[in-house]
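Two complexes, one shared chain (subunit A), two partners (subunit B, subunit C).
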Partner chain A sequence: MKFAFNVSLKNIRRRPFRSAALGALVMLLTICLFLGAEVILSLQGGLDAYRSRLGADVIVTPSSASAHGSVDDIFLQGITGNYYMSEKDIKKAADTDGVQSISRQFYLTSAKAGCCSARVQIIGFEPETDFSVLPWIKESYSGEIRNGDIVVGSEISVPSDRQIKFYGKKYNVAAILGKTGTGLDNAVFTGYDTIKEMARSAADIISRKEFSGVNIDNTASALLIRVKDGYDPQTVADDINIHITKVQAKASKSMISGLSDGLSGISGIIAVLVGAVWVFCFIIMLMVFALLSNERKKEFAVFRIIGASGKMLTAVMAGETAVLCLAGSAAGLLVSVPLCFPLSDMIHSSLSLPLLMPDGAVLAALCAGAAVIPLITGVLISLASAVRITKAETGLLLREGA
Partner chain B sequence: MSLLELKDVSKVYGELHALEKANLKVDKGEWIAIMGPSGSGKSTMMNIIGCMDRPSSGQVIFDGRDITKESRKKLTEFHRDKIGLVFQQFHLINYLNAVENVMVAQYYHSMPDEKEALEALERVGLKDRARHLPSQLSGGEQQRVCIARALINSPELILADEPTGNLDEANENIVLDIFRQLHKEGTSLIVVTHDPEVGEVAQRIVRLDHGKIISDKKNESFSEGE
Partner chain C sequence: MKLRAEGISRNFFRKGKNTNFFTAVEKTDFELEQGCLTEITGHSGSGKTTFSNMLCGLLTPDSGRVFLGDQSLYELDDRKRSYLRNRYIGIIPQGQTGLHGLTVLENVMLQAEMYGSTPDAREKAVSLLEAAGIGELCEVYSNELSGGELRRMVIARAMMNDPPILIADEPTGDLDSETTALILELFRKYADSGNAVLMVTHEKEALCHADRIFCMEKGILSSVPKK
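Our next item is the complex of A and B:
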């Protein structure tokens, strides 16, 4: 067996151009498979992160929030500002027919000044009622978020003492959240009592006009509503928009559906492109291996006449192909794995699409898949060629190949 | 005792009757030349005897066994054990050096043994060229590697198709000397040739024309010591 493997290796080594061309073809196929699948999974991951971030059926923000962006941008991209709704409007929204439960969120922008470590969006949530932020936090942190604790997005730089200063006071970083691929990775999360304390300090320190006339204790920047069974979220949102003039309500399904459709479309296009390139590479591999086996008819006939059985010949052909495919795949992965990070960043920044790269285990599985698929393809093609050759009369093969 | 017997063997390719009802008996240790012009059916006969092709009809009895009825797998095993092939075009594996070309035949037969392979090359006077690739060897040297490869598994029959067809006179004589030596040692030889000089060193000369055996005579001028 070792001898046969050495014979295969010698054939590969002593025909460097042919071997390099085949290896390059497999490399191309591996790159295409790996990067294509990685982008599709990243888009899917981004969409899933959006979905899990939502959790609510209806989102309500003050009308003044529209100056900062659409409800979609505010809620999904973490583009927040300092805008607040009155206690009266919150109560009206809670009393709307079909509302089952409500959870308040309080947004605050930190200042780019000596009082704050960094300018970020701070999102305060009610731990008792929250169904949107806590499940996400629990993926990274299972402890209790006490008064004075903050939880930060994955892109926030945390000092070694795990203390971040906002409006003159230091807060303890209890946890760093997993990446979502959205603007929320740059946000800071905390309980309602802590953010109210921050807001009071902000009002004292920089006398922000946004706080004038706002009762910090009883206000909210956004309401997350879950509707009762049998109620249509869109109807509830419409009801709120009609009856409460100073707020804007939106059904979350309508927020995600456009994005979901867009992502599905892009994923579909990428899948089709990857499929097309794969079919193209498969056809090229089929042609190349068929041409090669035709060109090597004489050599295989010689193996036959010196005693190689059909099985032995098949093993030689499959062995050679396997070595070439594995080498090509390894080269392909060496190129594509480092490329997948900047490629994701590029897609994220140029297309403004949410991308969440798969975790290490999924990436490892992708690497294995991208290496195994060309290997199986190549070996199957060479097996088909081997069967064709072993069925032919050796004398004829020798004459044809001469 | 008969080593090989062809009984009414025919081979038809479409309309072409390459071999027609050929009958031939080869005794153990015999040296036969099969002669005839191009297209006379020499190579077809060689391919059938060498298990590289099957007859359209008739029987090929080798060592008392009808090999026309054998499965492809059995035929490969049979051919591997009993027959060594030598070709005009040498048919060496061009990416393997001389000793590796010999060892590959050992590998497919049983297991490769470099020492034995080098001895086989020494026997044909090529031990010092053992590490050369076929492209680095002359035609005569390549033919001797081909003979060493054919001999390595101690076959009962050496089947040579125009073994001197691509060689100059000096190399032709070297190859014929090797055949003489093999014959002395008791190996059976069938040499297909259209060269009268090569044919006339054999014990028996079989002539073919248009797929038919037209004569089968003992060579009166044959001499062991020649």
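Our next item is the complex of A and C:
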């Protein structure tokens, strides 16, 4: 069958326009399959990362936080602000029935002015009680976070001396976190003592009104609560909302489910679109192959006259298609693989959804899938027309071909 | 190797006065003799191509059998029949039958390479093309040839495997008289070296080369005595 493959290659080379058109069709199909699947997986990955990061059952923020965006945004987008609750409210929340453990977070926005290297969100957490940030940090950094150390999100640029300045003081970058696809990639994390020190400097340097009446030593911007077994997070959140007027509590499940509903809606639409494109390409390929094999009846009849069996003719036809499909897929991947990074960014910024690109192995599998599916489609279709051609009597084919 | 037809006939569906079919070839017995140049003449539409296609194994007869040696061609499976066609029957079909994806040389060599390559295929193909008078066109793609050049390429292709049987359907139809003479001489020599050659033709001058002449008239084949 070596001759069949050789003839396939020669046919492709001698018909550059026909070959290019078929290749372009396959390329389109590959691009759709690859980018579609990549976006769906990224959305899924973003949701998973977000879900595992959150960990809290109930989240409590001061009522004033809503001026900066909804509670969801804090965790989804890392949009925080300088808002603080009183020691009394924190204690009340901790004493609410059903609360098992509580971890405080302290938010601070760095200034754009010369006292700070960059304007970022700084998130302080309590290493002793934290169950939200630390596990995530552990994924990329197992060392200790000492006083004065900071850990930065993947999007923050770290100078070569590994020092970043906030409110006049330099802090040592201990680690860079893995990408989450959320606004948290632009945030800086540090221990509670360090952030309190930053907040004090901030109050000194720019004496922001946010700090008036705030006892920096005993405050928090958010409380992450885990509820005891048998308690419904929603009930606990309601309880807090009823009894403490200056805070808002939200069960995180409602945040996630709202988000995952939105995500699965979008994933569904993309899947349907990819499916539609596939069906569309399938039909076009079917028509093109039917037309082509009709056009080429005479050529196929000549193969038969020379002595090619039905099988050999099928091999020539399928070989031609396979080569074209592989070339088209390769071109499609060459276009879409570099394109998937800016596309992710675009979706991330325009839809404000957490997006986490699948890792290398998954991307490689996607590439293989996006190449193999059009290949199988094309070869199956060409086999179908080959069956039709080889069944026909050569003497009749010869007359029908132009 | 002998090619023999026993009572082959073929109908086609076609609207007629009181029927829906049309008999292109009536039941015919026929035998191709080795070392003999046989010719079939006849009017256009009389069934010559239908008949020769049935002999080649390209068109299944409605009745009767075609034997290549002692094997009944149409009772073999496709693979076997295709192989026999490749090795033992050189076919020059009516009309233009070049494979335009291949060069002239590749077209001719394909006949030999289809079932395993032979070491001297290239030299063989070149010498056949030279004998047909188009040796200088080896590397040209077949769609760049004139009708007559293409026909000569197909003749070289048909002779590539030295088939004991050569069947040509109007091989000299679009050639000038000089080339026609060259081709007829090729066929004559091929028959003289012990092969069976069948030629369907209109050419008057072709008839003088023939050993046996038949005439096809409305699907009925009859022998014509040689003058």
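To be clear about the criterion, the second predicted complex is superposed on the first by the 397 of 402 C-alpha atoms of A that agree within 3 Å, B and C clash if a C-alpha of one lies under 4 Å from a C-alpha of the other, contacts with A are read in each partner's own complex, and residues count from 1 in each chain.
Note that contacts are C-beta pairs under 8 Å (C-beta built on N, C-alpha and C of every residue); 3 or more make two chains touch, one makes a residue touch a chain.
It should be emphasised that the depicted structure is a prediction, and the values quoted were computed from it without experimental measurement.
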Fit or clash between subunit C and subunit B when superposed on subunit A: clash
Partner chain(s) touched by A:Lys246 [first = subunit B, second = subunit C, both, neither]: neither
Touching partner for A:Lys228 - first (subunit B), second (subunit C), both, neither: neither
First, second, both or neither for A:Lys88, with subunit B first and subunit C second: neither
Partner chain in contact with A:Lys138 - subunit B first, subunit C second, else both or neither: neither
Contacts of A:Lys170 with subunit B and subunit C, given as first, second, both or neither: neither
Common interface residues of subunit A - those touching subunit B in one complex and subunit C in the other: 3, 7, 10-11, 14-15, 298-299, 301-310, 312, 390, 393-396, 398
Subunit A residues within the subunit B interface of the complex: 3-4, 7, 10-11, 14-15, 298-299, 301-310, 312, 390, 393-396, 398, 402
Contacting residues of subunit B [partner subunit A, same complex]: 43-44, 47, 50-54, 72-73, 76-77, 79-80, 85, 89, 91-96, 100, 103-105, 107-109, 112, 133, 149, 153
Touching residues on subunit C, where the partner in the complex is subunit A: 50, 53-54, 56, 58-60, 78-79, 82-83, 85-87, 91, 93, 95, 97-102, 106, 110-111, 113-115, 117, 141, 157
In the complex, subunit A residues that touch subunit C: 3, 7, 10-11, 13-15, 298-299, 301-312, 390, 393-396, 398
